[in-house]
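Structures for review follow.
Here chain A shows up in two complexes: once beside chain B, once beside chain C.
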Partner chain A sequence: MRDEQRRKERLDRGIKVRADSLYALMSWRELSYLTAPRLLLIVGILALPFLVPSLYWQRVISVVCIYALLAVSFDFLAHFVGLVSLGGAFFIGVGGYISALLNTSLGVPPLAAIPIAALGGAVICTVMLLPCLPLRGVYFAIVTLMYPLLLMRVIEAANIFGGTDGIMGVESFPTPRVEEYFVIGVMLLFLFLLRRLVNTDLGLVLRAVKDNDQAVKASGISITLFKALGVFISAFLGCLAGACIVHIYMWGGISLFALDFSILPIAATVIGGGGTLVGPVLGCFILVPISELLREFGTLRIVAYSVILMAFVVYRSEGIMNYGQRKYHQFERWVKV
Partner chain B sequence: MSGEPILRVEEATKAFGGVLALNRVSFEVGEGEVLGIIGPNGSGKTTVVNCITGFIRMTSGRIFFRGKDITGKPPHKIADMGVTRTFQIMRPYYSLPAYKNLVIPLFSPRARRTGGWRGGGRLGDRDTVGVDILEEIGFERESFVPYKLASALPTGYLKRLELARCLALKPEVILCDEVFSGLSMSEIASMLPLIERIQMEGITVVMIEHRLRELFRVARRIVVLNFGEKLMEGTPDEVMSDEKVKEAYFGSEEVEEVMTYA
Partner chain C sequence: MMDILVYGTVNSISLALMALGFALVYGISRVANFAHGALYVVTGFLTWTLFRAAELNYVLSILLAMVMTGLIGAAIYQFFLIRVRGMSISEIIASYAIGLAILEGFRWGGFKGMTYTLPTFMQGSVILAGTPVDYHRLLVVLIGVGVVAFLWLFTHYTRIGLALRGMAQDERAALMLGIDSDLMAVVAMGFGSMLAGLSAVVLLPLGNIVVEKGYDVLIQAIAVCIVGGLGSWAGAVVAAFIIGYAQIMTVMWWGAHYQMVVALLAIIVTLILRPSGLFGRQKELEERV
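Let's turn to the complex of A and B:
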């Protein structure tokens, strides 16, 4: 006399359905199966500024997008080039200071200063990181962590660029709506471009550098060149985020080099799922609002933060996006054993 | 061997701390030949390959490729000149399918220059060229194999993939670091014609090998290393009848087997 036993069976959906190719055009069901999650994200983010109640929360969305850019740049560098960078604050600071200086001393309008700062900052960051490119793993991480601390102290000690007071009177975006949609648009655009890039031949070479740098050398390709390219792309996104943030806060100062900018993107990547590029964006949309909601608890919010992070690392270390993708591509059903 | 050697190693010396992995090893490789390098474990065979291809820096000595000094050049520059290598422990890109593994060498400046990558468009993108090369090297085009992740491939295919990576660069020299090790007899039997074909295409091959019997079927000249020093150089027959070589390999079944076979 045995009880009827059941177990859960998991089946992958058909390959054709999952393939990101012409097959998707064969029927509406397949088309929507592929595009629905993407459209949900894009339309959702674009509609957010109209859904949130107050100007305060609209500002939070802009900040989320800034962090999202930074997290995407971290994820790209860590999971597609193999360099774990703790230099988010470095990128933010360099981009922010350049844009603020361009705006206040040369009078360049924000929408022109931001791209210049992003490009110029990316060049500066890449050149400064060039000596560290042969480093790997934790060593690269530590060195990149030093850069923002170093620059912060230099600005403080030399009293340049406004010293500890920072640069006041940075021009803001023309209107709050322009600010939101500029930041959201930039974030979605670069998310799309990066997801494209990693699957091109160039992106494959970058991924190969992460996978096996010796074999890349043996293929007659300079890994330093491609690591530098990876750092440049990542620094570009980081500096872009930094340039935007000074125009949002209308102020640039040494807090741009704060450790938050290095740590939060990593936390967001862990929660969202590394190696997906979309995951870190989701992670930011969870973490940043939570930290705003808990603002009244003061420093206690770090506790909430840490608990969330620890829970994810222990129970869902693959992150939301990897988990979600797997579930989306699988059927589950109970079968009799 | 006639004319200018394509590769000349002069007094190559490499010390790891106090250990002399290579001690004043000199030899030449003629254009288009298959040279075998043999020696007991730890005799410095792989170190020779690492030194020639720039993966480790020699303590002293010089290496010439077509009369040009390539000592101390970084690995990618040497590979760019056409001196390629395979790795003893295979180094594919495990997260990519086999044919995508070849996109990386095809992306290199050398492949663009030499036409290893045909230029895209009507002539096929890098993916197609990758599958073409894999087919040449023994991956069945119509099967799943070229499209499988490298992490799912058996050793035999990974060894071929190593060779394919070299071939994608349209190399002048291939240094094969134990391509036969870890393969079954039948797998080796199917690899041998491949080596012969590579040689017929005019590519110089240097083979480091433990599988002597198979090596002697393709290599005309053998260099023997022992404890980092060059013991001797000669044809397979000369090498096998040499007393010093017998002593170095003393007790090795492989040599006894080869000698009874020969």
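Let's turn to the complex of A and C:
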């Protein structure tokens, strides 16, 4: 007769006060307990270019950071504004083309062209997405999925901006070290800023738009304005990533609108854990190297991350970061019922 | 002028054929199947394998390939998508990822290039008001009309068809009336995959079997369903004709590259102006703020 049942009890560690973002620290140990994971991430990423052996893998780190920026922008838009955009490639493409054109036809140096392209691209993307903002859920997802495909086909058909050949001879960063640390720095900076932003009043309104837009409307706040702001921030990060990538590859073309840039950030977000902003970065650090290792097998890498994406969406939609945070912040024990 | 009329009709019917499977699954049953294009290509390669490599009878290999695609679609639903049922964004992402994995898997497996073709059903052509049309294209029109008629009857007069519609309209009420919605979703998915297969075997003999077709078919199917309005047969058919003629006209006047641009623009413009489509009445208030 052993029919006793057990359940898992979860207890928060004692340093949390009332809310997720408030802590009461009593000792250096507790302080380090809080700061260690954050420091580990920052120091780890900053040290990474010195730790990896070859120039090739240093380049991979830059690419990881590009994807991380894009994934963070997806995560922000999806989980803090409530607009699921399947068109990361749209932002990449617009930012990339602007930066490449600025550089090749006007001779603007990369470090100046990138911010201009990010801002200009964000404005263009926001204006183009403006009519779609009233759409919700699935419909916004479908329409954003179509935008990069449309631009790709238009560029191909009208043969503008270099057509299928793309734009050659884009200037690269001054040195590889500058390239790495520029991209890493930008990624860490915007990760930090976004984490700050979502806890401000603005972030609160954005989350309210996601959770209950009617209530926001009833409070006399224009939801279209705030959705547009959210899209602008997200597009800014995406265009920034796109502008960086043309200067890394020294080439811009229609493959900037390719599916890779739409799917991989989503996969990274799902794996890393949506709604955490750090999760997508971790997801990119897992996925992009896998994809690079499979590069010699051609399109097998797309198969690989599609399967990983599908598996995580279907079976483990929580993601690594949410799981990890729960394990890190809470005691678990079995208790008899 | 007759060119536009004749080829526009053929193109419209082809679009309707491509979209019907998607319309049945997504429009009627509200199950997002973004692996539609992949299943289309799967049937093409299955038929090719059975017919060219295993050297079966052409008709037999077509039927076998369609049944197998239907089973694959049902299996995809039963084993993966059923877990995210009702979470529409997850459904879209998961099914799209499955489709992507299948298509790129084919590409990786060496199914690319111009070598994969299927023979047309009938050789020869006929002159229709000064425009040569081959028999196969006429057959496409006939089959398309037949399938539309069959599906309309199926969803209005059979128990399964009515169950599929009921599930999309009000799932709780459907459950109370004894409709097993999980089973029905599997059925819808299997049936829709078979329709994707049918359109593949009918349309693929007109060109090569290439992986890229998978993406184009998905976009065109989405375009037809969105423009016509989800859940409306009449809308889907009308939309197929609008997009079909628009495509043929742009191809004639601007160039073949613009064919997909038309479909993509149709999706974006419709979603912006009238997200419920021309004839769709469902969910209009829910989807717009």
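Definition applied: the second predicted complex is superposed on the first by the 298 of 337 C-alpha atoms of A that agree within 3 Å, B and C clash if a C-alpha of one lies under 4 Å from a C-alpha of the other, contacts with A are read in each partner's own complex, and residues count from 1 in each chain.
Following the convention adopted for this analysis, a residue touches a chain if its C-beta (ideal position, glycine included) is under 8 Å from a C-beta of that chain, and two chains touch if they have at least 3 such contacts.
Because the structure is predicted, anything quoted here is derived from the model rather than measured.
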| message | I'd like to know which partner A:138 touches here: chain B for first, chain C for second, both or neither. | response | second
| First (chain B), second (chain C), both or neither touched by A:205 | first
| task | Figure out whether A:223 sits in contact with chain B (first) or chain C (second), or with both, or with neither. | result | both
| query | For A:185, is the partner it touches chain B (first), chain C (second), both, or none of the two (neither)? | reply | neither
| Per-residue touch tally on chain A - higher for chain B or for chain C | C
| message | Contacts for A:215 in the overlay, against chain B (first) and chain C (second): which applies, first, second, both or neither? | response | first
| query | Taking the superposition as given, does A:109 touch the first partner, chain B, the second, chain C, both, or neither? | reply | neither
| On chain A, the residue positions that both chain B and chain C contact, one per complex | 217, 223
| request: Under the touch definition given earlier, write down the residues of chain C that touch chain A in their complex. | output: 32, 80-81, 83-84, 88-90, 92-94, 96-98, 100-101, 104-105, 107-108, 219, 222, 226, 254-255, 257-258, 260-261, 264-265, 267-268, 271-272, 275, 286-289
| query | For the complex, which residues does chain B have touching chain A? | reply | 53, 55, 74-76, 79-80, 84-85, 87, 91-96, 100, 103-111, 126, 165, 168-169
| query | Considering the complex alone, what residue numbers of chain A touch chain B? | reply | 201-202, 204-205, 207-208, 211-212, 214-223
| query | Okay, in this complex, where on chain A does chain C touch? | reply | 84, 86, 131-132, 134-139, 141-143, 146-147, 149-150, 153-154, 156-157, 213, 217, 223, 259, 263, 266-267, 270, 297-300, 302-303, 306-307, 309-310, 313-315, 317
